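Below is one structure, written out as structure tokens; the observations come after it.
First chain written, first letter: the chains are A, B, C, D, E, F, G and H, and each begins at residue 1.
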Amino acid sequence: MIEYLVFAAVFGLLLLGLHRKVIARIQTRPGPPIWQEILHALKFSFKSTWVPRTASATLYVGIVLIGIGIWSAAFFVVFAGESILILFAIYMLHKVVEHGFGLSSGSPYGKFGGVRSVISAASEIPLFVTIAAIYLLTGSLILRDITAYQGVHGPLLFIAPPFAIAMFLVILSKMPYGPFSIVESKELVSGYKTEHFGVWRAGLAVTEGLKTFVLLYAFVAIFIGAVPFWAALVIMTVVLISLSFVCAITPMLSPYDSVTIQGLITGLMLVYTGYLWWVIP
Amino acid sequence: MSDIGGVDLFVLEFGDILHYFTPYSLTLFIFALIFTVLVIVARPERQLDIVFGGDAYYAKKTPISERQFRRFMAIACGLASMGAMASGDIFNYTLFVSMVGITNVGIVAAVKSRHVLNAAYEYGIVAMVGTLPLFGGAALILGTTGTLSIPALATGGYAVPLVAKILLALGVTGEGMAPFYAAKAEMFRAPGAPYVIMCSLSSLLIFLRVVEIVITI
Amino acid sequence: MKKKTFPYGFAVSAIAIIVAWAALAAALIPLWAAVTIFVIAFPLLVLFLTLWWRAPGGEEDIPFIGY
Amino acid sequence: MIPALEIMFGFIALVGGVSAALILDYYGKLISLGILVAGVIPFIVDRGYLDVAITVSLIAPIATIFVLRVVRRADA
Amino acid sequence: MILTYSIGLFVAFAVTGIAFFALMRETDGLHRLLLTDLVEVVTLAFIALVGTDLAEALILPGLVVGTSELIALSEIYRVKEGFNRPPSDGLQIEVMETAPPILAALLVGYGIILSGFSGGAVAGLGVIFYFLSRDHHERFEVIETASGYSWVIWIFAFFTFMIFPERWFFAVMLAGSAILVKVMAKMSIIGTMRGGPNV
Amino acid sequence: MIALPLVAVVAVVAALRATFERNTARKLPYVNVLNFAIAASIVLLLDHPLSLVAAAAYFVGSTLEANAIASTYAGARNQ
Amino acid sequence: MEATFILGLAILLIGVLAVAFVRPKTYVARLINLEIPGWGLLLVMLAYDETLALLTFIAVTAISTFVIVRLMEWRDESC
Amino acid sequence: MLGELLYILAAAIITWLLFVSVDIFFRLPEKGGVSGASAVARDIQAAGGDIAGGNMMGNIVCSPDASAGTLLAACGVYVAGIPGGLIAAALVFIGNRICHDPGYAGTTGALLATFVVYGFTQVGFTATNFIAGTVIAILSIQGISHVHASRLLARLWRVRQ
């Protein structure tokens, strides 16, 4: 089990590196090497580290642990085929973690990043509509049952493509350099990450790697169904590259527009769910 | 019980009142517990106020009395969210939720900043108004089905009106769904990170739980 | 925390993970117990490891206040 | 209670309520509120809750006196 | 019964709509506070319409929540608007010299008979009314101490329930009177809410 | 039993007159009649020793209310 | 379906209308009107024999009236 | 039916005489007991009434006086006989204290009325007649015409003087 966890962290970081590479290539830059994110994590971990004088020390350190911890838990949830509701709870609670990162340092940049991450909660709402719709279709939210359902009826990706798109957007809103990543826009320096440097940043990198892996893996598990592990990795890479394309060709939206667009998507999803509810007796 | 949150791990029956955990609510419960402990042990940060474009900055300190009050409120908020996670009775759940609403206001009410107080007041009004759909939904469920126990409702056979579910979700949104208010974002400008975190955490938790409840019943 | 405690913390968390892993492989403990240990110990492992091998030096200072 | 009585007392309560809502003068509003209470009390008594009737008729003037504190300030 | 409930619900929803409409159009802070008080009444109407014993049990916590939110909000409003001069004595009419002691005694007496939260609220109202007419040489320590002891008694009664279920009547009485003192103490502090160092 | 309807009719008349009287101070005597009628009907509705206490409590309470209103009104007018 | 219940609903409705569209639009008028729906609710509770709730409700309404009165006094004093 | 009505009318006249004489004996028309009573008196005078009668009416409004005593005594006799009337007198006494009334008009009225009502119940009247009668009597003073009632009371008051 633990080997999968370590692998997930490393592979997730690799995917993030690939993400940067693809974006760079689309923008006709050479871009960093693919393992750049792993190197980053290692580099940060070797740096000398302390706690800022203004920080709330316990929270400042504890939030890093919590960040890694919840995504490890999420990884096991997906891996063991438990309820996807738990996965999405963790996904939403990640917002609290971001918020905690930002607030605990006492830096105004971090604080604004945290507040923005709270505002951008609109990105979670499509998620719940998606969950409700999946429940409507499959009659269960346990990942095992959903996989079994897909074994019988074929991948959900083809049964209900709008939900796959919604989930795609949800993942997109958590990708760096994407249109919805308002928490990391440059006027906030590095957003909520601004004051977590050195070792703390390395921990954050592990969190990011795990998060990317878990979200993409969950996407595969929910919408494609049971596939061999290597095939899952391949599909994840494909999905990531498509995400990178989107990130590369769209500008970053202003916070207001970002929330509006996510709200619109939620509305569309609601309409579609209502339609499904009408059609399915 | 259609186990959307996983199979039941633990059920405590106390007369009519019922507490139970699914893996889902247990996860949420543990999260609330972790942050409550953090609130108890952590000291608030000294928030930096800077003048953009200049060198001037100063660190705001949280006075001791204010800190104590807010810590108490944050702990109460953590306990209330834990209660909301563990409760297996819709009315108890709504009570815990409204308690979360009150304590959320309390957490920031001690901050003597006009912006923060304005936001807290606006939020408090919304939270108080939120009790209407909240209790209204619970009462509607009680009136139409005659029971409030979530496991009993989940076994089926009861026609829980859709309106009641919507009211319940609406009420929880009103009580604590942090991101829906621009006003509440202003509340987060208050210094004292561990306590402020509790606001956003508790509102997320109760929202996550009501999703489970609404889908289950 | 003193710098000396980090290797111990790392050792403790690593041992916990290895023991849990072995016990799981030998079917001594159920899956959820092992997972709980992993979830608690893995973040500690990462943090203690990095804190252990990080470069020395540095002291408290104020946060970044602008370019 | 026979229907005729119910109608009469209900009518008193309604008159009190409506006039409390429509009268502009604060004192008039408070007096109308008193009329409303007068209409309500027989219903409580009719159901046999005498203790409730006692308490309610003691609390009602207290509430009025509370309100009078601000009426006095607003008026002065 | 079904028809009654439907009609009641219909009125309750209509009333909700009106209240929300008014709240939506209102911008002034204090007016909004008053309207939220109205919303609280409507909430209780929703619960009361259920009309069973359980509904009665549910109204009480609803009331507690509503009152505490109202008190908290009014305090926030006071601080946020910077009202920091305590009011002088308001009403100087003859009956305020004679009525409060007698009425307070009656209400407190009845509250003690009633016991529990209801009794506490009734008795607390009596005490508020009494404090209103007096100079405020209140002894906050005494009130706080009483409230603290009653809390202990309440916990004790709770454990009596748990450990000696056969002594339930004793425990009920103990818990009821403890809650009575507790609520009364808390409510009476509202009566003394005159600002200054104690608030 | 004609007493109770009679009292109720008196109550209605008093309530109406109190409502349509314009002068605040002169509303109060009408309200006083109403209080008499209600106190009487409390006893007439329910023949029970406690209903005497209820009638007295109601009467005293409403008299107190009228007293307070009148006194405040007088105080406000004197200023 | 009984008179108490209907009367209660009617007064509740009147009261809520009175508070929502208050004339004159002052705090005091609204505060006074706020009592009206309370009595309506009291009648509704009475129709279902919820006496304990009713008693508590009346006491607590008076207390919350007092809280608001207190707030308004602070306001008058400071403005 | 008609007979009962006559009884009630008779009772109204008896109680009217009783409480008006007690009130006037206790000098209620002399001045308003509290500022509210004086305000009522002034407004009645402004409407064309007499200040003395207005004072008495104001006092009746602002505190339980002999008329209230009569009513409650009748109620007391109705529910519990003579002891009921005595209890009613005690309640009226408490009511007087609550309403800042230094006088004893109400208590005296209640005590007197107890015996009067009890006496009349022995000769064919019922206590309910007296309850309704008191209400009608008070209606005649407070509820028909303030102007004429106050003039009438003032005339009686001048007789007393």
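Just so we're on the same page, contacts are C-beta pairs under 8 Å (C-beta built on N, C-alpha and C of every residue); 3 or more make two chains touch, one makes a residue touch a chain.
Quantities reported herein were computed from a predicted structural model and do not represent experimental measurements.
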item: Chain at maximum distance from chain F, centres defined as averaged CA atoms; value: C
item: Between B-E and F-H, the pair with more C-beta contacts; value: F-H
item: Separation of mean Cα positions, chain G and chain E [Å, integer]; value: 14
item: Where chain B and chain F are represented by their mean Cα positions, the distance between them in whole Å; value: 49
item: CA centroid of chain E to CA centroid of chain H, Å; value: 38
item: Centre-to-centre distance between chain H and chain D (centres being mean Cα positions), rounded to whole Å; value: 23
item: Residues of chain D touching at least two other chains; value: 30, 37, 51, 54-55, 58-60, 62, 65, 68-73
item: Multi-chain contact residues (two or more partners), chain F; value: 4, 24, 28, 31, 48, 51, 53, 64, 66-69, 71-73, 75
item: Interface hub residues of chain C, defined as touching at least two other chains; value: 62-63, 65
item: Chain B partner contacts - residues on chain A that touch it in the complex; value: 53-60, 62, 66, 70, 73, 82-83, 85-86, 89-90, 92-93, 95-96, 99-100, 103-108, 111, 114-115, 118-122, 128, 131-132, 135, 139-142
item: Chain E residues within the chain H interface of the complex; value: 93-95, 97-99, 102-103
item: Contact set on chain E toward chain G in their complex; value: 3-4, 7-8, 11, 14-15, 18-19, 21-22, 30-31, 33-35, 37-38, 41-42, 44-45, 48-49, 51-52, 55-56, 59-60, 63, 66-67, 70-71, 74, 77-78, 81-88, 90, 114, 117-118, 121-122, 124-125, 128, 187, 190-191, 193, 195
item: Touch list for chain E against partner chain B, complex; value: 5, 9, 12, 16, 19-20, 23, 29, 32-33, 36, 39-40, 42-43, 46-47, 49-52, 54-55, 58, 61-62, 65-66, 68-70, 72-73, 75-77, 79-80
item: Residue ranges of chain G touching chain E (in the complex, touch as defined); value: 1, 5, 9, 12-13, 16-17, 19-21, 27, 30-31, 34, 37-38, 41, 44-45, 47-48, 50, 52-53, 55-57, 59-60, 62-64, 66-68, 70-79
